[in-house]
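Residue numbering begins at 1 within each chain, and the chains themselves are lettered A, B, C and D in the order written.
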Amino acid sequence: MTTVRAATRELLRSRGATTVFGNPGSTELPFLQDFPEDFRYVLGLQEAVVVGMADGHAQATGRTALVNLHSAPGVGNAMGAIVTAAANRTPMVVTAGQQVRAMMTLEAPLTSVDATLLPRPAVKWAYEPPRPQDVPAALARAFHIAESAPRGPVFLSLPMDDFDVELDAAEARAARHAAARRVGGAAQADRAEVEALARKLMTAVDPVLVTGGAVDAEGAWDAVVALAERRGLPVWASSAEGRVGFPETHPLYQGVLPPAIGPLAQTLAGHDLVLVAGAPVFRYHPCVPGPLLPEGTELTLLTSDPGEAARAPVGDALVAGLRPTLELLCELVDKRVDDEAAHRAGDAPVEIPEADGEPMSASIALAAIAGAAPADTVWVHESPSTVQAFRDHVRVDRPGSFLTATGGGRGFGPAAAYRVPVTFVVPASREYAALRSFGRFANAPDVPGLDLCALARGYGVPAHRATDPAHLAELVGAATAGQDGPVLIEAPVTGVPPVL
Amino acid sequence: MTTVRAATRELLRSRGATTVFGNPGSTELPFLQDFPEDFRYVLGLQEAVVVGMADGHAQATGRTALVNLHSAPGVGNAMGAIVTAAANRTPMVVTAGQQVRAMMTLEAPLTSVDATLLPRPAVKWAYEPPRPQDVPAALARAFHIAESAPRGPVFLSLPMDDFDVELDAAEARAARHAAARRVGGAAQADRAEVEALARKLMTAVDPVLVTGGAVDAEGAWDAVVALAERRGLPVWASSAEGRVGFPETHPLYQGVLPPAIGPLAQTLAGHDLVLVAGAPVFRYHPCVPGPLLPEGTELTLLTSDPGEAARAPVGDALVAGLRPTLELLCELVDKRVDDEAAHRAGDAPVEIPEADGEPMSASIALAAIAGAAPADTVWVHESPSTVQAFRDHVRVDRPGSFLTATGGGRGFGPAAAYRVPVTFVVPASREYAALRSFGRFANAPDVPGLDLCALARGYGVPAHRATDPAHLAELVGAATAGQDGPVLIEAPVTGVPPVL
Amino acid sequence: MTTVRAATRELLRSRGATTVFGNPGSTELPFLQDFPEDFRYVLGLQEAVVVGMADGHAQATGRTALVNLHSAPGVGNAMGAIVTAAANRTPMVVTAGQQVRAMMTLEAPLTSVDATLLPRPAVKWAYEPPRPQDVPAALARAFHIAESAPRGPVFLSLPMDDFDVELDAAEARAARHAAARRVGGAAQADRAEVEALARKLMTAVDPVLVTGGAVDAEGAWDAVVALAERRGLPVWASSAEGRVGFPETHPLYQGVLPPAIGPLAQTLAGHDLVLVAGAPVFRYHPCVPGPLLPEGTELTLLTSDPGEAARAPVGDALVAGLRPTLELLCELVDKRVDDEAAHRAGDAPVEIPEADGEPMSASIALAAIAGAAPADTVWVHESPSTVQAFRDHVRVDRPGSFLTATGGGRGFGPAAAYRVPVTFVVPASREYAALRSFGRFANAPDVPGLDLCALARGYGVPAHRATDPAHLAELVGAATAGQDGPVLIEAPVTGVPPVL
Amino acid sequence: MTTVRAATRELLRSRGATTVFGNPGSTELPFLQDFPEDFRYVLGLQEAVVVGMADGHAQATGRTALVNLHSAPGVGNAMGAIVTAAANRTPMVVTAGQQVRAMMTLEAPLTSVDATLLPRPAVKWAYEPPRPQDVPAALARAFHIAESAPRGPVFLSLPMDDFDVELDAAEARAARHAAARRVGGAAQADRAEVEALARKLMTAVDPVLVTGGAVDAEGAWDAVVALAERRGLPVWASSAEGRVGFPETHPLYQGVLPPAIGPLAQTLAGHDLVLVAGAPVFRYHPCVPGPLLPEGTELTLLTSDPGEAARAPVGDALVAGLRPTLELLCELVDKRVDDEAAHRAGDAPVEIPEADGEPMSASIALAAIAGAAPADTVWVHESPSTVQAFRDHVRVDRPGSFLTATGGGRGFGPAAAYRVPVTFVVPASREYAALRSFGRFANAPDVPGLDLCALARGYGVPAHRATDPAHLAELVGAATAGQDGPVLIEAPVTGVPPVL
């Protein structure tokens, strides 16, 4: 006989989901009982951290992350990070334990009341199986939903007495069927529509390309570079994206679009056609009124997310997988100019700068870090007030080498620290920049004086405080050379203007 | 200056949505004020009827239907029909009036409290714009969401004082951008995946095809017929579908799959590959345990609905538009046999049968109807207890010529009667078949004796009661010849076993 | 052994809920199997009618109504009436069948997906028991929630295979415990607060009382009359209430408050204290700006509904049961004047009026009806456009003798017709008054010409059309004398202005 | 002219809500602009901490707490603590900033999509005003809903551009009306019902009283002591409560009821009547089957929470305010015995124990803490694995002197540290007790080695590690004498069995 527990594990193995990120309590223990050798449980002490780790893991590996939380309080604590995972379009299956079925109607302690309502609207699907035997099928379905475009978190509430239940032969066979299922990859936009778009691209006088993080997430980096080079398209990056969709060292690369209506339209002025690949149209944060597009400019959006296609306030859209569609589009576009500039080599290596004050500015700190970091660095950025300085000094030039959280929440980066070789560099201005704006008013809240190095050491993480750019570069260099665990470097900087 | 009302109407014109189905009250009057000549308002006296008409209109025309309801009670009355429209995958924008903004926090009468929660989970999106100026953009987005796969109803709550608000120049321009947007059609599955599927189809010893209503809804009827004929595939119809996906008079057509686990697997026994196009895998109603598939049988599902792909309990899936994907698949499959049988002519014309009792049986009644109906009849079927008799005598052989509601609700058919040439034939057993099952128990509810012809005439619809098959055929013939409005024919039949 | 079915029925008996209002399908049959002799099933052919009947039954008897619907489409069709029951504060337990548990995760046909979300926000609680054994406890809890202040509908989704499951001894005993529970009645406001209010009432120069439908629903009619008489308080009725809270023939009765901000404040001008009992503060429909209260006027609200207390835009509130609190208040208020007028006899009998045109006006028709109706008539009013004429001619003077629906929906009245002696009088203006307002515009929808008498007869209800006031009075008199079933009387009237 | 900002602040002043707990971002800055001198902003760096502080503040002061969070990620991060506040029945108004209205339909970054769905089901009400002018009225209503029984959190989403909008004269006056409103206190159960209960209490042979945390929260501590003493009732405490409802040093005090069905019934065996005051009936966590009550035992529940009354699986219930109802009950119960024992003095002072090992046991540590703590200590307990040891050594004997979180989440206690004199004692077993249960299995997660003292110092909190009981007592004594800020004491203990 097979139990629900055994069938569930088979299913997780078949999905490659043997790493579980969690913070369990009593209601999750039955799921963990006899935890198999080939599984790994990555423990976080607060749920925001757990989901942050899972999010980073899913984005780095491209595989759906499995999360294990403790009834209602656990899901509650994780909700901010789940909202962020939804904004990041991260495939994630979030499970939470539930009281034993016999105690739920009584609302005994640890009953998650209305469990499937709790995680909405941040999840694509929320379900509590009506019988123990349905757990494997529900889990299989959860993975497939999480992985369909637009990818995102889903939720299952699992009563703790379900795992010991035995499956009969038909149920066991159905669970094996569920484990064996595969749902096919990204579709290509209808050929006629791509042909029409190719014609537009060829006849446009001055077309321009805008790329977003989905290009990286969907493995379309090479396709978009090929298209830009073939047609000689200048390329802008969409703002506030969680990933980078085009090499920032490429000669066709123009920079990041401003995130405000008027300035953005001004930036695109002169182009008669804007092709947007895998980015929202558009992400504005400050509300600066103005025209959405320059007069006479046409826009087409390629996206695999029907919601983004519907939400765009301007321009047409094609909903399809980015990689196959961009490959077809590239094939259909004639090579017009052999633009040598498009293949120019990247920038010269960055040098370590001199200090510009005491403490140094954030810009100098970022320059020092960029100069000292290894060529194969994967950047995780979570300091909104230094985003401009970061962009000035760090040029992302490989797929998958930059991640940030897009939903407005923080804490995604630090979560990535489970004995992995991460170097945390904290540009510490000793101000809470988001609060500075009202600091001049009476009764502004006191900003606590944190000793970041002490806190890091409290968690067992080696920590250092940089005194100047050269010291900072030296610390970065040392930390990243032969690193076998996390290191924190505090870089005292002057205050910087807040962004979000 | 442009008002919200004027911008809204421009937007509706651009979407081809100038027909409004509704049952308005005071909160909807501002939307209707100065109703333009080129718009049409189709009024129903109960909201279930209103949405039923809209559903039928959308399915018949392929265009998104626009519905206009009265605050919370109107949406409430319509909810059963909206649930049915969701099951039917019908693109539909449902709007409801809301109190004036200044009275909503007071919950003055006709305030729809929690308006965007009310229609869930039957709608894909529910929204109440945060400002009057956002109505046009919200409406544009509603259409695009309703039309993305899987299509379905969406909901907007519109405060009644929003329509008189004036737009400034930027807002008016944004409304025009919204009206001009187009979102591109169905994508084709990735070529590599289709090639793999084509190889499977060629190497399978005895493959079989299962078709569903989405084939008809997505205009893939010709593609599926071509594929079946090219490869000589026997074709089964999925059960409980709202449309027909393959000509039932075609020599390759095998019939309707049984809607129960065991019998369905038995029906497919012997086939090593099942290709399902545009149908759920599978629709079971009676719970008959058994294997989901015969031992050794593989299954692949083609669907444009990622939810269906995730939900299927067995087999692989490709998520893509049916028409382009089936066309590519057909192209890639070698013509194996020139199966003459596959092009055999249809069945001989049906003859009017003799009566088999007093009253006649439902089977005989259906035979009479089938014999008398014109060749270009569009069938709308809503009598679950006669579904077998219907299938025995009526063979659907053209795209778009059969509709029924799939969600388990009734009333979709009769709703189609707004001065249109519909002949309603009611096989009246003078029993409520769904209730017969408990009729032998004490205290069974009394079934009211309805005089269907009197009711029809009360609504101004000519009505006749058929005495025998010949009379029934004669009435059907007369009603369908040169018809300029609805006619009801009551066909008294013996009791028949209920299905749902 | 006891089954879930048997335990459920014991529980229903203990709650006095042996009358089931429903429109069942296959998913409800297991609940109905072996339907006991002491239960009664009241069948309606559309769910709005089913819930309307249940609502009227609950309001007339004061007992919680039990409703039985068919999965998602049944609940959907009923939602408008459930919204109305919520507005009426009607205690009601709505149940719906659900697929067998083994088929729910597959979303087999008739699965109600997200069943507990569907009826929100119209229900106070929505639940699907996690095991069959929990059905009795869930049902007990549903009754108690429906009956707690503010009363209203609750919802249970019941999988169809739950009823045959057997309970073990402990479960059976728990079900008996659940059946035996009683939750105590209305609480009295804290004595100190009532004393303070009594002092205010005694010292106010010109206090006034406003009564609402909750006075009738909570059995506080006598208490409110006693208070008004003891202090000689003029009494206004709150507008748009579903019941009447004070005898309209009483000399202290002033009429119905206008439902608009400005006019209402004007009506209360001159009073320094307004005591509102069991009515919302206030119900406005047309949005007429103005002060909420006259300058210098104080207001206190007595209500058993904490939501109403929170929602009121002005004045203080006491949340407690109306009857005990008003009785204590009356006890604490000194009898100030022996106002003979307060005990004056009611109005003289109404005479049958002459016709005032062809057809007669709605006002004359109402006068004729009022004159001919028996003294013990229970009035159910659902014709918003004649509400003023109704108020002018019909004076409600006994508890429980007037009902209407408050939520803005219609159809509550006609639903009361299950072989009960109801006389339906329809003031038929051959216009859809709510639509007249836009009738002068192009493209106004055609209003169908209904033959009401033919429709009534189609349902087996005798029907008559009145030619003039005398004929109308004669028909009303005949219908209400020794009536043993419903009768419909169509009273053609001239068009009247719409209200809602 | 008055702005929304000014009117909002007037309203908050009138509610005594000038302390704001928050973690703001850009969307909250407009609310904070020109922050007034008489307001205080208490800043937390993570939202769980913010809401924990607010929860503790509300419970300690009895006043509704005001919370200010950052759009969707802020609400998400706070959700676990909001779930806990709901379980604690803590009155709390949670506000979150929202994008400017003009950017919401675009879903610009920091738009909280479906903002009112996000915090459900943990809040009693969730609202986003339809216009800026409605903010004051919505806020007033939010306070009243949060404070009605059962008290709990409510939620408001406030677009950031609402605060600068100006109110016209009528709107400003309506805002003043809203600020002036008061909703009256707890009601007393109907006298006839209380009389019946008094008779039962007098005629019962061996009645018993069970008290819960609501006794403390509703100020009914004295009333319940008086009732117990008057009738000589033995008193049990309900398990898993957030507050203590009866002095644990009182001679009638029996201890804490076991939280499992069978053992609880056994504990109550022999009593013919159980009166439960302000506690759930009952809180079970381990699922131990058995009878809910001993055979022949009756039960009555007094509660102000209609939901608790409905949810109880056994016994009758009266829904009313605890204090007035218990006072009346006490009045109606004859003094039967002058039980001297009932007035016996409390326990002798606790002595500091000897160490029982290295490290000491949790029991010895608790004894040391209890011995050294001042008499007026307010205990906040959050260590489920030491709950028994805590109960053995710490006897709560004054109202409001014990708090813990009831919902299963942790972190409520540490949040109380905003420069307040709190001594944190952490019984540190260097094991994650909840995880020990699966520690013996392969692949158990590594428990990180935290240096608690280093972490505390990182936040600027003095910290000490106790070496033995005497040292621990000395540290506790020193910390609590003349304390002017938080102190952390780590008390290494041996592992203890987990509870939740």
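The rule is short, and it goes like this: contacts are C-beta pairs under 8 Å (C-beta built on N, C-alpha and C of every residue); 3 or more make two chains touch, one makes a residue touch a chain.
Quick caveat: nothing in here was measured; it's all calculated off a predicted structure.
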If we look at subunit C and subunit D, which chains touch each of them?
A, B
So which one's got more C-beta contacts, A-C or A-B?
A-B
Inter-chain centre distance, subunit A versus subunit C - centres from mean C-alpha coordinates, in Å
52
Roughly how far is subunit A from subunit D, centre to centre by C-alpha average, rounded to an integer in Å?
36
Distance-wise, how many Å sit between the C-alpha centres of subunit A and subunit B, to the nearest whole number?
39
Multi-partner residues in subunit C (2 or more other chains touched) are 102, 106, 114, 117, 137, 141, 289, 311, 313
Report the residues of subunit D in contact with subunit C in the complex, numbered from low to high.
137, 141, 144-145, 148-149, 170, 173-174, 177-178, 181-191, 193, 289-293, 306-307, 309-321, 324-325
For a test of understanding, state which residues of subunit A touch subunit C in their complex under the given definition.
101-102, 104-106, 114, 116-117, 127-131, 133-134, 137-138, 141, 159
Subunit B to subunit C touching residues, read off their complex:
22, 24-26, 29, 32-37, 39-43, 45-48, 70-84, 99-100, 102-103, 106-110, 113-114, 117-118, 120-122, 161, 240, 259, 283-285, 287, 289, 311, 313, 406-410, 432, 434-435, 437-438, 441-460, 498-500
